[in-house]
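Next up: some structures, all given as structure tokens.
Both of the next two complexes hold chain A, though its partner changes from chain B to chain C.
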Partner chain A sequence: MDCMVTGGNVKVLATSIHSLSRIGEELYLEPQEDGLALRTVNSSRSAYACFLFGPLFFQRYSSSKSSTFRCKMAVKCAQAVFRSLSSLEKTVERCRIQLNSEKSRLTFTLHCKHGLLKTHNLSFQDCESLQAVFDKESCGNILRAQPRLLVDTVLHFPSSLEEVSVSVSGEQVCFRNHVEEKAEQGKAMLTELSLTAEEFEQFTVGCPACVTFCLKEMRGLLMFAESSGLPVSLYFDAPGRPVILSLTESVLEVNFVLATLSEDSHPCNDNRNKSTEGLQNAAPPDDFMNDDIDSYLIAMETSELAPGGHGCVPPPPQDANMGQLRARATSEGEEEQSEEEMGRAPNKKFCSLFFGSVLPTPSQVTNLTLRSQEVLASDSENEEEDATLL
Partner chain B sequence: MKFRAKMIDVGCLNNFTRVVNTISKLTKTCTLRLTTDNLFFMLSDKVANGGVSMWCELSQANFFDEFQLEGVSAEANEIYLELQPEYMSRALRTAQNAKSLKVKLTKKHCPCLTLAAELPSLSSASRLVTHDIPVDVIPRRLWQDFKEPSVPDFDVSIYLPPLKTMKNVVDRMKNLSNHLVLEANLNGEMNLKIETDLVSISTHFKDLGNPSWSDEASQGPSQARAPETMAHARVDIKKLQQLLTGQQVNPSKAMCNIVNKRMLHFILLHEDVSLQYFIPAMA
Partner chain C sequence: MPLSTQSEAGDDQYILVASLDNVRNLSNILKAITFKDHALFNATPNGLKVTVEDSKCLQANAFIQAEIFQEFTIQEDSVSFQVNLAVLLDCLTIFGGSTVPAVTTALRMCYNGYGFPLTLFLEEGGVVTVCKINTEEPEDPIDFEFCSTNVTNKVILQSDSLREAFSELDMTSEILQITMSPSEPYFRLSTFGNSGNAHYDYPKDSDMMELFQCTKTQTNRFKMSLLKPSTKALALSCKVSVRTDNRGFLSLQYLVRNDDGQICFVEYYCCPDEEVEEE
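Entry: the complex of A and B
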């Protein structure tokens, strides 16, 4: 892999890494034919973020000869390469990223003004592909707005606030802070902001609903959106199903997939949002009632697909009502699908499941599938063990 | 009990925000007393507050364009609320460029003081932000706990130097000691002193001037005083620093009354806002 970023795009790349650093601790880097993918997932696996920089984003782009190279590293290390976003524009003219396969280092070379050359050799770990499976197009609600609108909206909430609820009806969208415990509601300040449809570039509401998700990750995306000036699209439908925040440009696609609280833990169910209540109740019966802890979970699935196979795995029927984020681990050769019901990981709020990685050899397929079902995907230790098997 | 008020002018909103910010720096919880003419932010000198008390009085007409209040009864036409000024300050901060701000007493999941700001938007309709601040309504039998403090029988009253200068001095002293002695006399001289095992520091201010209190009650003892005799009080330096750091009213007049070895009474005046702050002396 060898690519060169020039001019203002260096800052875009740098900002994307800073934005990812707000979500997860590891940066997954994968040079694909359709561009360079930078991804991360948060520690509770309730949020996934992906930046895909198309080949035209680069002055020169060549992915690996053998298309198998992919790696992960601490996002802090990558962030250190682009430490100061503000001075970057003035000092750095070009940035080259190449793989030094002899030394197993990923080399970032910054060509700065006055012929100054800064070289960072980052060590990395081999890893499986990290990819959440989601379908934006199937979401009933799509809101698109200039980043400024959302940045201004988020400003009204304290930075300590963890979760925000968004509800839409035909004409307006309403943001409010999510207060978990009933007992705390008497003590906490509730803030509510409503925006009319006119403020959005696109305002499609197929199913009025109210979803609750983490604000921190959204702030991460907004940081990037604000600096790039690209409109942000918000895709969501029922509570429990993921919210997808997305930016698209000709040479760049950004998707943040965030878990949402499921319906029974949802504040909008009680009294506040009468307009959407009826609709939510009309939804097909589900078994949320039975699993209150699971309400925070996102169903995950780990699957093995052959390199060419990009088909989405149809959701298992019993999960149909749960928000689903499915992950796909890809390696060449085998084709195997395993599905994991997410277990419950205690102590975590949106303890969801992502990507237990499975890299089976033919003989291991059965075993691994079983194993990954026992092991919750939230246990990343096991993930690494699995990876080292190869 | 009903209360609703509306503010339209940005200048008023800014001033009001500054007052609330100041209050929120001084205390975590306080009492908001609403009468038909005034708003009061109060903190009574309970032990839990470290003996500090506060009294801030605003004339509603200087801030609000509409102000409707219906108290407990016709003869007790007032409302007492306990709230966290930090919430109010945070709510006001997000309403800085509001076209209008409404303040209402509401019954939501609990009694709330609701601040609703109408913000400019990209479209013809405004953005509406509401903040529901939970409050405790204080029953009438407890109202007597909140009386306006009388100006104490002080020994010396003195105008303060620019608060920023004072803050700079006190900030540095705080690194060295937990207590500070403030002393002043009727010659317009004031000293800030700390004393530790290692170091003694004293900062002298002169020509500050002494306010003349025509009020006969407080005049008594000070008249008999020799002008150069210092009255002093030793106080928790953090309390003093809180006042100097947190204040955002930029008072046109700031003075301090010293009751020898008993307490410091600060009065900050700015237009129609008055803030009084009492710090008890320590042994």
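Entry: the complex of A and C
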């Protein structure tokens, strides 16, 4: 692959890498015929992000004709190439990206002001294609808005907040902080923002629903959206099914696929029955709709999985689905998160405790340990389930 | 007896008296060489030279000419003493080191000779602080024998361009490799870190390049940890001269303009890390 990015597009490319760094630790780079794809998935595999830069985004673009070559590297390394986003526009005139599979070399060459030439040769690993399976079009609810609106909305939530719930009804959408346990709700601070349909460029509600997903990844996308000024589309339907945040432009397509909590853990859904009805009504004949996040996660592992394979995946019981998603988030998080990450985003359970009160009472602490143990146990059960699914 | 009267009385017994209306003209430049505690002060009628060393491989010198001081009186040809630089800087910025241009701290620095403390009188807004810092036995600085006649390659760059490179350097790399050559790549900084390698090339005809005198291709490696402190000097400076001699020793000279527009120099000498096969 050999491509050249010029002018303001260098910053767009750099921002996309910084945006991806908010989600995952590895950057998957794949030169495709229809453009350069940059992807990542978070450590708990509950969020997937993809930027596809079309050939016209580049001044010159050629993907290697011979074979599909793809690689991954630590996103930090790629970020180091574009360390300072603010000065980038002033200093960098053009950026050339070359991927030489024979020499195993990925080279970023930045041509800067005053003739300064910065060459970064990054080491990388071969990898499978990272590809989440999702279908925006099948989603019943579509909200499209200018990035500013969403940035201003998200601004009201504390940076420590991990999850946000979005509920839509006929004429309005409501964003609120997600509080984990029903029992703690009395103590927790609730922040809720309602936006009316007029604020959105598109407001299509096929099935009134309330979905809860991680705010961190959404912030990552908004960072890019704000910088590029492109409107953000939100595609979602029922809880437990992914929400897709999307930006499209003629030369660029961005999709963030985020897992949502499944229904049983949804304290915000008081009208649960109603929304379930909505889901059933809206469900298209496609088996894909009955699918759960697990199938997406499995599909992410490799692109070799035939898309038709989903048809035979039996939809697991909803609460198992919830348990697994939660368990993955907590248990894997505990193992894999580096110390600094731990500092920034404390353990999910603790987070909600902190919301409830500054210090948990001894009984809460006991509850907490018991709960996490339960969840961890369900994780191992579900691993077996995974096997059968595969 | 108040300290101030004591000093007023015995002004002529000091072998060194240096006064500054704005202490920042001294403290800023000392910050540019603060990477070890012990600093050797050497005063001559020409001015003050402050030397800090690390690992016998790195030496930094700050030169503050006599003209920078409002008063610079020296009774001997050469006066040397050693003090703890961190302590001295704490004293010099005892009033908080305000960056408001109108508010300046005035300094009167006095030294009585061997065995006496270094006495500082600092005044801001009518408030006077007197600091006495015990001096240490002066140690002879290393002579790097860096001689301009042995210089093989020399470039002078505007600091802005080098600052950008230094701020982006991959700190996971243990070394910084400097290549200077009469042909391409002319002047190159390279790092070899966890994520791969990176090269910064400055063409000889760049606007940022004020002087380019390279006679022979030289590639030398320097410990990143040793060169890191020099970024403090780079941050203050407006121009930097990079020179290497026939042994591969590196000299970095920074031209620093102070608050009053006067010029001072900071110099770093660094030993090469290892010999590299020349291309």
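By our rule, the second predicted complex is superposed on the first by the 264 of 390 C-alpha atoms of A that agree within 3 Å, B and C clash if a C-alpha of one lies under 4 Å from a C-alpha of the other, contacts with A are read in each partner's own complex, and residues count from 1 in each chain.
Note that in this section contacts are C-beta pairs under 8 Å (C-beta built on N, C-alpha and C of every residue); 3 or more make two chains touch, one makes a residue touch a chain.
Everything numeric in this text was worked out from a predicted model, so none of it was measured.
Room for both chain B and chain C is found when the two structures are superposed via chain A, with no clash between them. In the superposition on chain A, A:207 makes contact with neither chain B nor chain C.
By the touch criterion defined above, A:73 reaches chain C but does not reach chain B.
Look at A:84: by the touch rule set out above, it reaches chain C but stays clear of chain B.
When the two structures are aligned on the shared chain, A:123 is found in touch with chain C, with no touch to chain B. Legend: residue contacts after superposition of the two complexes on their common chain; A:199 is shown touching chain B, with no touch to chain C.
In the superposition on chain A, A:114 makes contact with chain C only, while chain B stays out of contact range.
Look at A:161: by the touch rule set out above, it reaches neither chain B nor chain C.
In the superposition on chain A, A:151 makes contact with neither chain B nor chain C. Overlay on chain A (Cα): least separation between chain B and chain C is 8 Å.
Put simply, chain A uses no single residue to touch chain B in one complex and chain C in the other.
Remark: chain B residues 87, 90-91, 94, 108-110, 112, 121-125, 127-134 touch chain A in the complex.
Looking at the complex, you find that chain C touches chain A at residues 161, 164-165, 167-168, 170, 194-203, 205-208.
Only residues 73-74, 76-77, 80, 83-84, 87, 91, 106, 114-123 of chain A touch chain C when the two sit together in their complex.
Remark: chain A residues 146, 149, 155-156, 158, 185-196, 198-199 touch chain B in the complex.
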